[in-house]
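First chain written, first letter: the chains are A, B, C, D, E, F, G and H, and each begins at residue 1.
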């Protein structure tokens, strides 16, 4: 068996689930609704786990014609066959309100693939008392996803509080010297807190998938 | 108790080990040998685990006057009281020979803090048969650290082969459009393989510490 | 004879075909439909080979009033007097679905100028088995055009598999650290596979013309 | 009177002290010791306040032949006629040991021009307890100068704790994505703490002069 | 008491006024009118000073349903309970007409928080006589905010004329090499006038808040 | 057979010659002379064609202990078993004298692998008569390698004169806005001449290898 | 007399004509039609020479209510009281059709201020015969303005042909690596032709004003 | 006659003097002393005007073996057969002492080619009285060359004072956000003073050659 299916407009990788334990995820931009419909249908037929479409706008989502899916408008995520909640706990921390859409994508993907998410909002370092108030929530987590834009300082502060993996997601919020998220990205990469890791700007999806890989390793080693 | 000691030239964080389970690590650049000596002495007295100094050149290392340390010249790392080898297995993969010094830092730090390291060298994607030949080694790991410069494509290829966490370390090898490692950094951040995470250019140390955080979570959950 | 014609709004190079064996190509952006009509009419009158207009949107194409042309909407290319298929074989490989519009431009131009194109889609390195499955198709080609965005790793992998010229086309797909295609461009320029060459971001046209130059040299040397 | 003196190799602004209440400061790079000697001699003759030379290396300082000066090697500052300590209190906070040379320049200049400096070292946000331990020192200040490299997060944290002016100085410490201080600069400019101001990378001098301007306004308004 | 209130969609910092003497300010982008309404209502209930919303477009402002606010369309600022005019005098200088919207934000925020503003417009350095004509206005100020785009030279010229703090605000006016304000930002950071400080591109708000911090220190020391 | 040999410090790809018809090339930076000696010895034993070491400084070259090699100091290339001259003609054109070291690398590698090189020097576009004087030499070539720094305009001019493949090599000559070759790189990528291809800054090696790929395809199709 | 008039929304410099012999020019972006009307009316009343408005879109131009003006839509320039044609000859050369709007601004401004313009279009270096065909026109000029985007090579080629001043205007045409005109700008600044000067991207206006300054000096010296 | 001579290591353009009235100038970097000797000897034999070598360090200059030359160490320029002083007056203005080496190159080249130079030093905009004091000197000039680093504001201020051509030379002085002269370059390109032109960073040579072109046009028109 080849491990993929050629739909003409796309070559669908149908054994990723077997090969990597990764869910099947379709990146919507540049695909027409009928193409998304075709790919999702194929994936549902060839695999048994969750199937997701990310970065899908509401008008496109409405035209994807595959029964059983649910759509989260803030997260811009479509989900079929979500996994049942598992024991791996992700704490999702945001610096400010403007970071929420990116965090929402991380939350939607984590939930769809069976990770348990605990959200702490608006704990940016300009008000340290807000961050210190949620310290226990942070410490209970198996991994923390920090979503922050502008100077991205929250990642460093959290990195200094917890011992578990911290996945930093820079966001493109802000203006001027924020440089569409590049400043937060660079700041997170040079954090003074040891052992932080970073994913692409605005990629709540990548952070969720990184958490999934952690959960896989943790599960395997038990 | 304050949780730190003021040496005049430095304020030493002496409860990080307790607070985070992180080893005590001193970043050498900009510190004189006698200052490093002072800080290491203090840390050894106040904690019980491994103490490391990173990015320390051979001539400086020779002047650090604290008994019991060992020095790795390629890795530029000094270590006191290394942890015994644990069960968490890190596979450390490099794309080319020029990436080795950065990988050596990752290996030295991992080993010092008790992670078990398996090295696969020179498996850059321009010779895929070399990479496919080590697939089993990669799949056995609890986490993979990929060290690569120039276009950094190895991270994507490995990310597509394994299900465990992949920590990508861009290196500043190469010239011209390699832009001192910025190209590899950007390439790794935009990898088509889902759930990769990235650390700062040339930071074998950060990758090791990220692996340490993974090991902590894994251990806690068992 | 001067070798060009002055239409007032443009000075048309009418002997490029003689001088270089290159097809006549009009770059549409910034030109009004009636100007394109005028230039194409002039070129058809003064030369005998294919005439193309690139980057022409559907609404503009509809207003270009020259009989005998055909329009490819995905490629955004208008063609008159396409060349008959020749023996030079170009394999056109794309990393992901989002790269297709750029590849479509390359395919349309190659076909219009008489190169034979073989397409392999969606063979990004995150699923190496898909790439290895098309290895024979790649090896049969006289030249390979690799179209990829984000980290552009496919170019390196293909460069390591084939001995023929590889022309890499970075695309502006992706977001954040993809930097509108700059990341893929830099990555391809620093590929660890020897002897790759690169063209401008999103320029399927340039890749096709580079292949045309290869075909000319090959034909001349037979 | 012209307000300046032409020494041939330099046109010395001799009424800045009168015009702006600013001390006379010579920037050493690119000037020969005998030129510095000449300018300082002229300034001491034409004004009555402190005269400083900044960024002067030890070997050059040793050749500047003007009696009565004192040299601070870490700060690389030469001072004649320092002002007596005044009542304006500057708190000078650094994130890490590597930031000290820049902070030393700020301290030396502040002291020379009559500002009272209180130093708090090594209070980077990766160990928030160290920062919170000095909160009172920060709150007592009339202005805080924050010196930090890498991700520069300390500026935001301090900005959220105090009500007085905060002058952030990015430093060129770190490597890779720290981009020679550009990352810290951008991060400080996009701080989520309101009303921070920023000076050039590594410019302890600029921060001190900004504090001087604050002290002038404060003094005038009493 | 926790010092913040959780509204679900936002965690409102309700003791900033007590902690820092800073006004309560809501950054509008990314928030829905009803969310702004909720946050403002909460802030008015929990504090006693001015409450502001910045960067709020006219159509959003019209939907914010909290009595007693006033809206400045050029400044894009909503204000409730403005402070009475105080004795701290800010001179607000602009280089050209295109810089006015940013200056308007600075003026609106300054006025709302009780600073007295004196505006001098269009005094760019290409017509030095215009600048010299307002020299007295500049010298009377307790702080000067300079708003300028393109090459930002006005900040240096003003910095050389006054002894008080100068807060430079780069604007994104201009085109091409102005790089959306980055050129003005860099130019202001490298000003030859000593002791200037700089805030983010287009951030009239930050400049006003920096002036507020100055006023607080000045007031405290009297 | 595995297709590679593990020397401990390097994993040598020993079937590239068979797989791709590419010569065996060792990149010297970061390798010790004894490592280069070991790798070259292995390659000579396992293959039959040319073996090259590039970017090798004179002092390192002198310590490489493998009989039969020849060293070109300007090109910084070591060669064993050069191929006999073949019929594929490369014209190597440089814009200025400062570009010669990069061109020398291209020439040395081309010659070592059996391509016939014709050099035209110093034909930058600021003196078009010099370029037009060599037009026939350019037209006779099967491929042209253009080596130019600063604004790299020679590539466009040559691209407009010949019909064969043009491989542009940007060089890091010049200063200031030349940005270490980035300007030439960008200029060549955006050339108005159709079908040019570009390699990394200063990489005469890449250009030669790209020419080799052309020669392979040409030979195969005869 | 003050030399300027304060209209409330703008401080109009009314003696620039006397001081510098420069025409009065209003930059339209950010100004409302009624403001432009007011400024133009003031300038016409206070001076006697040409008055221009640049970068004014057609819909705004239609609302500027000052009699006697003429509007050039391609150039986006409004002119009142154009100067009579003078003897200073500017040759305006463009590389391609897409550069015309910028050249049109240069032409409109030159003509309005009394310079005589000779246009040569579409003489990009990819077709050198087109450039050489206009060599005499270029040599007759007192100054040449070269308008080119992408790699901007035309400036170097022209700079090598003529002895008079060459003012290079980079344009933002092209895509990808053209970087919105930055590539052309950098290329022109590093031209191998000696003594070229460069103005801002897309600034036909600046080039015309630079030519005006040349004409002033030339006239004065006769 | 071909118009150039091939020396093997260089193709010397020997009719530039005839073709363009430009002096013969050799750029030293990358050339060996004996090569410079050969080129200069050839140029002196084939032309009659001044011959210059630029950017030549003292140790290299000492080895150039051609009688009759004079060397300026600060300017790093070698000159043979300087032109007699002409009537074209260049005013050379510098912002600070650190800009002098670049200005010295401009002065040496101007003088060698027969332009009369008037120097005004250290007139940076932070002390406007110094600039206004030299206003008459500036107004007497036929062209002004402004040499300034950091924020480069002097160019704008001078551009607003004089009517003649202003050639701005950014310098790489300063540190941090000065970005090796890029900030000054960008600032000068976006000057609010109309009609300024700009040359490459640190290129006193280019400014002098631009002035030479002005002088040629002026002379021709008399």
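Simple rule for what comes next: a contact is a pair of C-beta atoms (placed from the backbone, for glycine too) under 8 Å apart; a residue touches a chain by one contact, two chains touch by 3 or more.
Source: prediction; values computed, not measured.
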Would you kindly count the fewest steps from chain C to chain D, each step being a jump to a chain that touches the current one? 2
Starting from the mean Cα coordinates of chain A and chain D, work out the distance between those two points in Å. 43
Averaged over CA atoms, how far is the centre of chain A from the centre of chain C? Could you give it in whole Å? 36
Residues of chain C that touch two or more other chains: which are they? 96, 127, 160-161, 176-178, 182, 185, 189-190, 194, 200-201
Would you please name all pairs of chains that touch? A-B, A-C, A-D, A-E, B-C, B-D, B-F, C-F, C-G, D-E, D-H, E-G, E-H, F-G, F-H, G-H
The answer for chain B against chain C in the complex is residues 95-96, 124-128, 131-132, 150-153, 155-157, 159-161, 174, 176-179, 182-194
Spell out the residues on chain B that touch chain F in their complex, using ranges where they run on. 96-98, 100-101, 121-123, 127, 129-130, 133, 173, 175-178
Enumerate the contact residues on chain F facing chain C in the complex. 19-22, 25, 87-88, 142-143, 160-167, 185, 189-190, 194-201, 205-206, 208-214, 216-218, 220-222
Can you name the residues of chain C that touch chain G in the complex? 2-4, 6, 9-13, 16, 27, 29-31, 35, 170, 172, 180-182, 185, 200-203
